[in-house]
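There's a structure below that I have some questions on.
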Amino acid sequence: MNTFFKKRINSGHKSLHQSPGKVIYVGKKENETRLEVISYSENNYSHVESDDLQKAYGLKETQEKTWINLDGLNQVSEIEKLGHEFELHPLVMEDIVNTEQRPKIEEYEKYISVTLKMLYYDKNGDFVREHLSVILGKNYVLTFQEANEDVFGRLRERISSGKGKIREAGADYLMYSILDAVIDNYFTVVESISEKIQALEEELFKKDVSENLAGEIQHFKREILKIRKAVLPLREIVKQLQHSGHPFLHSKTKHYLTDLYDHIIQVGESVELYREMAWGLMDLYMTGISNKMNEVMKVLTIMASIFIPLTFIVGVYGMNFHYMPELDEPYGYFVIWGIMIGIFIAMIIYFKKKKWF
Amino acid sequence: MNTFFKKRINSGHKSLHQSPGKVIYVGKKENETRLEVISYSENNYSHVESDDLQKAYGLKETQEKTWINLDGLNQVSEIEKLGHEFELHPLVMEDIVNTEQRPKIEEYEKYISVTLKMLYYDKNGDFVREHLSVILGKNYVLTFQEANEDVFGRLRERISSGKGKIREAGADYLMYSILDAVIDNYFTVVESISEKIQALEEELFKKDVSENLAGEIQHFKREILKIRKAVLPLREIVKQLQHSGHPFLHSKTKHYLTDLYDHIIQVGESVELYREMAWGLMDLYMTGISNKMNEVMKVLTIMASIFIPLTFIVGVYGMNFHYMPELDEPYGYFVIWGIMIGIFIAMIIYFKKKKWF
Amino acid sequence: MNTFFKKRINSGHKSLHQSPGKVIYVGKKENETRLEVISYSENNYSHVESDDLQKAYGLKETQEKTWINLDGLNQVSEIEKLGHEFELHPLVMEDIVNTEQRPKIEEYEKYISVTLKMLYYDKNGDFVREHLSVILGKNYVLTFQEANEDVFGRLRERISSGKGKIREAGADYLMYSILDAVIDNYFTVVESISEKIQALEEELFKKDVSENLAGEIQHFKREILKIRKAVLPLREIVKQLQHSGHPFLHSKTKHYLTDLYDHIIQVGESVELYREMAWGLMDLYMTGISNKMNEVMKVLTIMASIFIPLTFIVGVYGMNFHYMPELDEPYGYFVIWGIMIGIFIAMIIYFKKKKWF
Amino acid sequence: MNTFFKKRINSGHKSLHQSPGKVIYVGKKENETRLEVISYSENNYSHVESDDLQKAYGLKETQEKTWINLDGLNQVSEIEKLGHEFELHPLVMEDIVNTEQRPKIEEYEKYISVTLKMLYYDKNGDFVREHLSVILGKNYVLTFQEANEDVFGRLRERISSGKGKIREAGADYLMYSILDAVIDNYFTVVESISEKIQALEEELFKKDVSENLAGEIQHFKREILKIRKAVLPLREIVKQLQHSGHPFLHSKTKHYLTDLYDHIIQVGESVELYREMAWGLMDLYMTGISNKMNEVMKVLTIMASIFIPLTFIVGVYGMNFHYMPELDEPYGYFVIWGIMIGIFIAMIIYFKKKKWF
Amino acid sequence: MNTFFKKRINSGHKSLHQSPGKVIYVGKKENETRLEVISYSENNYSHVESDDLQKAYGLKETQEKTWINLDGLNQVSEIEKLGHEFELHPLVMEDIVNTEQRPKIEEYEKYISVTLKMLYYDKNGDFVREHLSVILGKNYVLTFQEANEDVFGRLRERISSGKGKIREAGADYLMYSILDAVIDNYFTVVESISEKIQALEEELFKKDVSENLAGEIQHFKREILKIRKAVLPLREIVKQLQHSGHPFLHSKTKHYLTDLYDHIIQVGESVELYREMAWGLMDLYMTGISNKMNEVMKVLTIMASIFIPLTFIVGVYGMNFHYMPELDEPYGYFVIWGIMIGIFIAMIIYFKKKKWF
């Protein structure tokens, strides 16, 4: 099969109109390709980092459990060679570098391929949605990441320190641990959504609602929909892993996959819950605007209701009729002032009673 | 398997980034660990309370039906030892102490594990969502509660007094009774939701709608969503129990489980009903605000419509034209007053007819 | 099994915290217990009414088709004895007297138990939701009703007059006829909903929307949700009857059950339709309020737009400048009046054109 | 079975409280009963019309393909006799004359009965929902229509002219052709909905939204819900026909039924689409009202903002202070006019800039 | 079978009331019929274009893989002859020319027929929904397009240049490639929706919301609903292809179909996401209008609140009472000015504090 690699960097669904099975990188260019090989058994452990992908060649038949991790997907031709080395199907190769690919699982005879998204906050606190492909072979796990950061710090630590059962268990347990680390991080992201909703709500209950909050809410709704799009397909994937009869998945790992399934369901439910809360925010905003308008109207009504009648009264005594008896009364002016002050106070009391201020 | 216990108390989903199967307590610290062992057969009954969890060791092989109840989950290392004693899987242990765990069921060869939430109002009338794990073994039921209070008062009474069929029936009937007590209490909680909705509605129909009611409604919607999250997964759990072929579940208990399923469906339907009612509250609030604004506008319009024309009239006779015949009329002033009073009365009648006040 | 009966009358889900299978009446107390026994075969017919439930003892083995109907559920201990006589399971007994029980079906070896709700308008025209339990035995049907009124008038008539196939057919056809009578009455209730919606809509299109209509709509939505809660579970019940292989249900009756299923589907669809219509009422109400506010605003705007400029003009000629040529013009005053009347008419035409009145 | 026929004409679900299987006509009375018999084979064709239903007797065993069409359902006793002749089940007879019956299908050994609704615009352009029952026997198709008009003009033409494959194919193809004609007409109705929505939208975008549009929209929503109620159950009916193993349905006709299923799905999708559009109309109306109110408010605000300050200015120079230097200025009056015109122009520019007019 | 062809060009669902299986073109007339035949094997390649459909006759038994593409569907009689040549079922012929047909799949013994919609932007940038039928025979693929433009440019290029595996693979891979090209183009369309939403949102956050935006949003919602109607049925179609056991679909192609299924799911999810976003736009618009009204009200309230009290004050000193001590004060006039300026500034500060401007 003569597929070839081409670096094509532009925006959107960039692999359109290409031959199917053609491997095209569509992500951001700046990530350096970096190879990391962790080999371990119950008693041994080695960790190698390199820029040279050829270091991974031949590891397909490894006897020790081996985690081959690749950061950065822009060296497409190198990655394709690596894929050839591990006998990956061209469609799998396409999914690995197509960072727009939605989460999916494919079972082949010689490996299982899982595509998913890492969600995390990077060093700068920015929200990142990183494309991740996990290939489970006989004794190895191959991971392809879009960017250099990841959520596997503690997992690496556990392997190097030999904590937990990871060193004893097989490559399938390693894959499980990788998925577990990814899903665990979803909880962090979901929590931050919860906090953001609470912050937005507090903002909305303030007296002076900012006018561009509607934009923020709409933006936020979009965020949640995107997280949802990353989370929901994982249910099916973990479920298929759970019930798969693939020989690389040992029965002992099944309990852990059940647990994983449970977690992803829980994340999904939280996303739905926060989604429903977020949808309510726009209603809250509307009531906020309406309350504000009510307040504006009250100020107007109070001012107008008090001073328009008074202006009428003073207008009366500004008339130039020749015969207006009040004008000649020596205390007329003061009496009128008294009447007007009385009206003023009555009005204030009336509006106070109505609880308008 | 060398899992270890660590007390880590912070907020949120706190067991993140830990080795799977690691037992970490994530709840509140203040609850004292307390052991309660109730052993009974048709004719015997004993009740022991203690702070020492070791009192429960060896009860795995008990011949009498035994309910081992543990309050407080913060003594994690003690609980882990107990779990070892009862040969519980590390993932089960993790679920027991992870108070954020959603309701689930796991069937193992030697026991069935059910995780769920107790919802109740505590001594102070505060709403509590307490984590509860129920382990059904051959002759024993092991329960792990997050807090000291629970909803099992009448169940204990029934065991001690020998009322009902509980003393004759097996440990599976005890588990059923525990679940039944939990679900029965959901009805109380759901009823209080109903009352809260009614109270909110009454508040909303008052003339002067408080402005922070929107916040209360939003808060209330969140409450309902959380109760829903606790209730909905129970359907699947009870259904699985009902159709399970596990040898510890006797066929006689099946009828009771069907009844239980029926109850949980009923609770779920009520929650959905009240949820729909609660979602309508925001609309009610909006209409409340709009009605209020209407009232404000009417006051303004009435005041302005009456006095602006009158002010115009008096303005006319305040003009300084040299020749204005009316000004010289002896009764001009009184005629004008008459006209203005006429306009005033006409306006009042007009607005009365429009039912504006 | 030593269940016992206790009369406990209070509000809400009153059987909480009781031993499962304990028979507790939770309905209203005032209904007298009354027994009615109708025995019939193709040629014979007898009808007995009594206050003494013991008259029904022994009818379990009746050879003639027998309808034993019991009104009023508060004589719980009597009812329990009757239940014992007919070998009913304690959980069935609990469902019979628990008037909060949602519709359900249970198949036992010796009988089929169906719990449902009668919806009808009683003698006073009040809407009634009455709890009804139907037990189909070999040759008998046992019905337990909460109140004295019911919807079976025509059914009794048909049995006594021997009209239709009821006298020839078996007890299963009698049960079918009872369910059919109940479901037929749902149509009447659903129709009254339809009329109520139409009445509310007409009310909403009136110029002056009453402010407490929002409350009525909310109340109405709640009503529909409750009817829905009574109707929806019946689908599953009739479906199960239809596909049940229970020996008491003869294959000839199946066609009738199919017809019944069809009816209950039809009722359900109507309820959903009216529910959707009812949900639209609040929107209608909102537009009503907004239209009204628009009208208020228009009155204000017209009054202000006409008279504020005129007031300005008369104000101009009320100024005391020493040199204002217009004041000295002999016809100045009348010219000004002319201008003002012109402005007034222009304004009226302008607003007429805008169709503001 | 001694069912009897009774003409009972009143509104609503009129067959309530009747013995099941009792044949009661509930439609409008005015339609004359008219019999139409079309017999045809590949080479022969005969068409007979009559008022005498007995003309149809004996056609049950016809060898030629025969379409027996009956218009008008109020001669219930005649229809029942006809039903007896064709050995129809009483429940089928009930469905034929109960014009409130929802669409359904029943398979009997000797015939298949389909109940559905014709939707069309009659000679006067009024929307008609007509009840139609189709009975497929061995060589005959029996149709019962509520009214005299129908949608089968072209079908009759095709049979008489021998166009298409209808003359060659069997009675099942005739039934398919009848259903096809009915469903084809649904497209016409759905199209008219689409046009009505477009008309309503255009109405809503006009400057002066009529106030009773809300009523029209609500009415329209109700229409769509009713069409939906007629269309949706047909899916299941055609699906069942498609997968039925009834001997009267030849395998060759299956492809045509698949096509029919496809059409009914398409109609259903369109109805859902237009329903969603219709639901959006109320929102549109709300924005229309709000835009209108905005316009009203702008007029008020512009008038008030321009003339209230000017009125203040002229008020200043209407004061009677003894010492007001400006009053003595020879050009004071004109200066003030200049200032006021300046303010006026500035205001106009300000509001122009704000794009308020 | 004597179906005949008729050119009938009118609007809407134009094939109504026709004999089923009658082939009627309902699309636009202007598209010229053009035939294109691409034959290829691993080493050979030929490309022929012609106006004469008879060039395609006899290609049914071709040994080389052959793509017969037909643009323009208005030469219905020619197309029917071609269909006869390829032994297509009349119902398939009907679907080919009925451009209103919804996407569907039919498997026949000798071919598989897929009907779907191409969505693309044509040379002029207009959105086009073009009807496309794909017939997979043993060695050929027959495509019928409504218009001359299509989305197959790159596919033709790949065949002619021999890039990718297309020249080696069978006709089923060609069909897959055609479907893939169509679905790939959906991504472009979906992307443009996304951009349109973003553009609309930006428009909505501008200060002065145009009043006819509501119309645009409604129009846009309708667009999305139509795209959805084209996309959603494809899921089922690709799924059926995937699981079909038809001998023309080789097992090697299955992986590609799985990939295709994945893509169509992804398109569907995006459409749903953008649909939800679009539905939120109307809410955004409402808040925009309300914010605008708030602003209008604020201007009015500020102007009125400042100048109405001041007008009252100057009115006081315009009264003509004989004894008003202030009028005689030498600096009275200036004092009053001072007071009024003070009130003015106080008001400004008050509204500034309220953040009203």
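Read from first to last, the chains carry the letters A, B, C, D and E; within each, the first residue is number 1.
The definition used in the following text is that contacts are C-beta pairs under 8 Å (C-beta built on N, C-alpha and C of every residue); 3 or more make two chains touch, one makes a residue touch a chain.
Computed from a predicted model, the values in this text were never measured in an experiment.
K.L.:
Could you give the fewest steps needed to travel from chain A to chain E through chains in contact?
P.N.:
1
K.L.:
Do the two copies chain C and chain D share over half of their interface residue numbers, or under half; same or different?
P.N.:
different
K.L.:
Chain C to chain E: how many Å between their CA centres?
P.N.:
43
K.L.:
Roughly how many whole angstrom separate the Cα centroids of chain B and chain C?
P.N.:
Centre-to-centre distance between chain B and chain C: 27 Å.
K.L.:
Pull out every residue in chain B that's touching 2 or more other chains.
P.N.:
Within chain B, the residues that touch at least two other chains are 286, 290, 293, 297, 300, 304, 308, 311, 315, 318-320, 324.
K.L.:
Please categorise the chain-chain contact pattern as a line, ring, star, complete graph or other.
P.N.:
Topology of touching chains reads as a ring, each chain with two neighbours.
K.L.:
Help me check something: in the complex, which residues belonging to chain A touch chain B?
P.N.:
153-154, 158, 163-166, 176-177, 180-181, 184-185, 187-188, 191, 201, 205, 255-256, 258-259, 262, 265-266, 269, 273, 276-277, 280, 283-284, 286-288, 290-291, 293-294, 297-298, 300-301, 304-305, 308-309, 311-312, 315-316, 318-324, 354-356
K.L.:
Can you list the residues on chain D that touch chain C in the complex?
P.N.:
1-3, 12-13, 16-22, 89, 91, 94, 102, 104, 106, 208, 211-212, 214-215, 218, 221-222, 225-226, 229, 282, 285-286, 289-290, 292-293, 296-297, 299-300, 303-304, 307-308, 310-311, 314-315, 317-320, 324, 326-328, 330-333, 336
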